[in-house]
Amino acid sequence: MIKKLALLFPLAVLLFAFMPVKKKKVIFFGDSITQQGAQPGGYITRIEDLCKKDGLSDQFDFVGKGVGGNKVTDLFLRFQPDVLDQHPDIVVVYVGINDVWHKTSSGTGTDFDKFGKFYDAIISTLKKQGIQPIICTPSVIGERNDFTNQQDGDLNLYAKWIREYAAKNNVPLVDLRNLFLDYLRQNNPTNAEKGILTVDRVHLNEKGNQLVSEAMWKAIKQFK
Amino acid sequence: MIKKLALLFPLAVLLFAFMPVKKKKVIFFGDSITQQGAQPGGYITRIEDLCKKDGLSDQFDFVGKGVGGNKVTDLFLRFQPDVLDQHPDIVVVYVGINDVWHKTSSGTGTDFDKFGKFYDAIISTLKKQGIQPIICTPSVIGERNDFTNQQDGDLNLYAKWIREYAAKNNVPLVDLRNLFLDYLRQNNPTNAEKGILTVDRVHLNEKGNQLVSEAMWKAIKQFK
Amino acid sequence: MIKKLALLFPLAVLLFAFMPVKKKKVIFFGDSITQQGAQPGGYITRIEDLCKKDGLSDQFDFVGKGVGGNKVTDLFLRFQPDVLDQHPDIVVVYVGINDVWHKTSSGTGTDFDKFGKFYDAIISTLKKQGIQPIICTPSVIGERNDFTNQQDGDLNLYAKWIREYAAKNNVPLVDLRNLFLDYLRQNNPTNAEKGILTVDRVHLNEKGNQLVSEAMWKAIKQFK
Amino acid sequence: MIKKLALLFPLAVLLFAFMPVKKKKVIFFGDSITQQGAQPGGYITRIEDLCKKDGLSDQFDFVGKGVGGNKVTDLFLRFQPDVLDQHPDIVVVYVGINDVWHKTSSGTGTDFDKFGKFYDAIISTLKKQGIQPIICTPSVIGERNDFTNQQDGDLNLYAKWIREYAAKNNVPLVDLRNLFLDYLRQNNPTNAEKGILTVDRVHLNEKGNQLVSEAMWKAIKQFK
């Protein structure tokens, strides 16, 4: 019996070599930044380019599932149809800006404790279903680098929670907020509130999309 | 065969007469008003009294599951442990005040569209599990009777949605808001903002608790 | 002596008949609705037309002083240069929408008590300086006619205060809010939230501008 | 003539030495923190103690004019009766916390640009009337020392504006915010949100009152 299997082994290897690789499906789950990310020049499009450059185009499929104005509760409500029913292998969750921003722009932000509960409901379900989550801290609302943007305190708080959640639950983290803050400390000498990484304090310009794409791709390609 | 069954029938009746009735478990699912409702003088305690008066104490069990500050998303998050795991027969849902109020008191109210989605997630699940829902419109934030309370517009909107949801889905409705507005039109000649049915514009005084208890009991006892 | 004067009187009348009439300067002091009111088709432009139609063009000059986003505190801060320094005869004050609206759209609405204090500071000063004020209730934020627009409660409250202020201080009132509500009750059968008198729930369309112009002109021409 | 005056001079000096010194009246103009400051243990009471210790009790009178919930617009509205009509020599202005806080707690915070305009209206008038202003940055809303308190961004922004205003207009500054932040960096190892300098994230405890009193007294006694 063992002999026969031994004979079969090289054959199996040979077969696999010619079998089409099952591509990994990566879903980007988020708000308007992610919605724009799927457009030409957007961060998802740039990740496709980086993937190609690394010769890994046959291993990954990238799908944008961003909807403008979304908060964590919106992600939760469309989690089944937009994520689980699509059978992804990897899900990159990039949310939190509207949860904080809407507190003053419409009075319907997300309470800190509930942000964590809905966030965890999403990530826990992904893990239970064998889907790899990658999570991100919210980037910026305003680019001033001396913590004088109105929502800086809250963004820091929600980002800190995500960092701690990632560590505690062993989830890969793309720390966009720290990445942005570091970049702005060095590249925003006039303390402008937009125009460095964003066009309007929130939505990414070319440089912002590039920064996000590089950080995310680094995290994603570990799962090749 | 028919004869034998005919003989057995009176016996069965006799047996049932001595069998302990399986009481219907009624859960009140809501916010601080419901939390206070379970206390002496509260609306749940008063429903127990009304039930006793009607000689139906052996048919109903009343359980308060109210938590201060709760919005529909909070109910949703504790729905499994606090409601479904308790195996109720009837669930009275009384929520919406904080969803509207928190828009200005903490910036974390509930978007109108999301209120409906989470609300429906709760009621639909109850129905699927064979649990009878009874739903209520949110009562008041401020008792002035000329629509000059700050949240009147929003409360009217959310209440209207609940009314339409009840009609469309054939769910029994306790229209607390209309009940309160009618009462205030007739019993608030000085247009006071509190002290008629509430102690503080929101939480019920004796009269308010009595009004709610009577309206709810009328809806509940149909399911005896 | 008396005789001589009697002889002079007919002469004086004759002189006045040929003297150029000193036109009354009317300033419209308000927010973006007033800013747009000065444009072609706007309510101020329409008042000019109505004035012409009534053959009173030689008696009135109309000047728009509206600035987008203005609340009563903004009016107060630019009161000296934009109103007093212009030496008007009549000032039409149309403010209050942003005072209410900004509570949820930016967290910077005007407290009810402070609205009254700054409002009174403006009107009292006008009166002291012999300038005729005409005041208006805030029109609408949303055109639904069943009091389900989010800000209806607050708008009703602030409008009610203005009505009472007008009565108590004997200031001519243009009750735009009641005018709009009456119109919408009769002309908004589908309960639409915009498109009847506004283009976007707040800013006036053709019909809205016409309605405002007629009501204001009626109040202004009393002072011919 | 010159001779005679020369003879009188020593006499004049002698006279002044026995004349009662006209005390300098110091008004503390602010919100609930200042209202509490006038109570036993409060920062104003502690300044009186420090003044006594320095042997300067005969040179200063301290008057608290703090009102709970006050923003810069409230100070402005009661500026005439509460400050100017009291004929102070020095006015310490400590405001800004509610201007920021009320954005989320009631939707009626103060727009950044209007904060500056009303603030300047107060300080400019003091200067014009020969009254010495001393201004303070707003302390804290939450004592966490890693910029994760919700209002940190806005407090930093408003504090920065006050610092720049002080420098530009040559007004003595008590930089309470930086003083508090420095203290919290060194004395809040658990990153607690209250209990170090405040009892409730905002209002001062014993240590907080002491810190404020020392910093203010240092600024005030320069004007002895």
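A few points about this structure:
Going in written order, the chains are labelled A, B, C and D, and every chain counts its residues from 1.
Heads up, the rule we're going with is that a residue touches a chain if its C-beta (ideal position, glycine included) is under 8 Å from a C-beta of that chain, and two chains touch if they have at least 3 such contacts.
This structure is a prediction, so every number in the text was calculated from the model and none was measured.
Taking B-D and B-C together, the pair of chains sharing more C-beta contacts is B-C. Placing every chain at the mean of its C-alpha atoms, the farthest one from chain B is found to be D. Work out the mean CA point of chain B and of chain D, and you get 51 Å between them. Look at where the CA atoms of chain B average out and do the same for chain C: the two points lie 47 Å apart. Shared contact sites, meaning residues of chain C that touch two or more other chains, fall at 103-104, 106-107.
Touching chain B in their complex are the following residues of chain C: 103-104, 107, 142, 146-154, 156-157, 160. On the chain B side of its complex with chain D, the touching residues are 103-107. Put simply, chain D touches chain C in their complex at residues 73-74, 77, 102-104, 106-111, 114, 117-118.
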